[in-house]
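Reading through the structure tokens given below for one structure.
Chain naming follows the written order as A, B, C, D and E, and within any one chain the residues start at number 1.
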Amino acid sequence: MILGRVIGTVWSTKKDENLTGAKFLIVRELSLDYSEKSNFVIAVDSVGAGEGEVVLVATGSSARQTTFTKNKPIDAVIMGIVDRLDVPETKE
Amino acid sequence: MILGRVIGTVWSTKKDENLTGAKFLIVRELSLDYSEKSNFVIAVDSVGAGEGEVVLVATGSSARQTTFTKNKPIDAVIMGIVDRLDVPETKE
Amino acid sequence: MILGRVIGTVWSTKKDENLTGAKFLIVRELSLDYSEKSNFVIAVDSVGAGEGEVVLVATGSSARQTTFTKNKPIDAVIMGIVDRLDVPETKE
Amino acid sequence: MILGRVIGTVWSTKKDENLTGAKFLIVRELSLDYSEKSNFVIAVDSVGAGEGEVVLVATGSSARQTTFTKNKPIDAVIMGIVDRLDVPETKE
Amino acid sequence: MILGRVIGTVWSTKKDENLTGAKFLIVRELSLDYSEKSNFVIAVDSVGAGEGEVVLVATGSSARQTTFTKNKPIDAVIMGIVDRLDVPETKE
């Protein structure tokens, strides 16, 4: 999964008939220190993510394994909202 | 999904038998400020996208989840035309 | 799909039992002005593409959606030969 | 598969209903000399991997081919713990 | 498919139950002049590839289309051993 932050919304009226009601969010990829990377992905929300929230995004066919996204032309889904990262820096 | 702009068309007469009628569009990837990136993808249109329009492209097996693209050797489909991006820059 | 040019052939005698008869072509990725990029992909031919021809390549599971490639360990297929690109440069 | 090292954990309370009990680990990609690369992936653990361990990660639809991950919106799974790499440097 | 050379082996005792007997090989990607690239992939062998051999690797769901890899959490498989590359440099 990709670690990212929701930074905006894409509005699309004319879209595939199966996509009615889909909420397209813009997710900027994050480093482990929460700094933003340059790349982003447009993902459909399946967990009620809001702007500014840190999220997990599943891509590819796995993006279609939620109740809403099943059998739809969607290749990225927000399937989790991140509470916290635990990254103990020293492992020696 | 990828954010892109339709910048042209690919003409192909000799193609897989299942692809008769497919419209191959050239989609240049876009940044969030609509500036064009260097990479592009050839995608099949499923929503009537025209040249110059900003679109969403789904890739991989998800590209085959539209009525037209089902069971076809197509790995990228335009499944939405973008009306507007909402990207509030300041989140502090 | 990827835009590329067939630049050679891979010969493989010892291969998966399902791949008998498969023709593996080397496809160099192209820019829209037909200049060659550094990356390439090995793809199975399904449309009778010959050396030097400009082609479209579908990758991933979509590469298995042709009569010949179905259910085979193939992740890239040439599914169209390109006649022409139409890329009107000025859109203002 | 990707070679990586488990360097941390992602905590997520609000997630897809099918993901209850999933353990999201942060896996930093490794070079063959075990030096860490800059990129990382969030993967679900299916083999009891612990922090600091070197692991193999399968991505895409293949990540859903374990008992736990089946039919879930998961695109990366730890499916093996690495004991040792054998890389004889000289092949002449 | 990816062109690569087998340069080593990954040993893994603790792995997904379906992976018993899987042979994980380290495959370094190659350029068309057989020079090694920096990236590598861990792939399961399905054709009896040995160290030093030049091979083709199929990735993604296509990696599960061999008798051994079917329904297993494997995203890369060696499905061919390369005898020879034919790359006529001049096409004018």
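Simple rule for what comes next: a contact is a pair of C-beta atoms (placed from the backbone, for glycine too) under 8 Å apart; a residue touches a chain by one contact, two chains touch by 3 or more.
Everything quoted here is computed from the prediction, not taken from an experiment.
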item	value
Gap in Å, rounded to a whole number, between the CA centres of chain D and chain C	31
Distance between chain centroids, defined by C-alpha means - chain D, chain E (Å)	19
Residues of chain D whose C-beta touches two or more other chains	60-61, 63
Topology of the chain contact graph, where touching chains are joined (line, ring, star, complete, other)	ring
Traversal of the chain ring from chain C via chain E	C, E, D, A, B
Of all residues in chain A, those that touch chain B in their complex	7-19, 24, 26, 40-43, 51-52, 60-61, 63-64, 71-76
Chain C contact footprint on chain E (complex, rising order)	1-3, 32, 46-48, 56, 58-63, 65-67, 69, 77, 79-88, 91
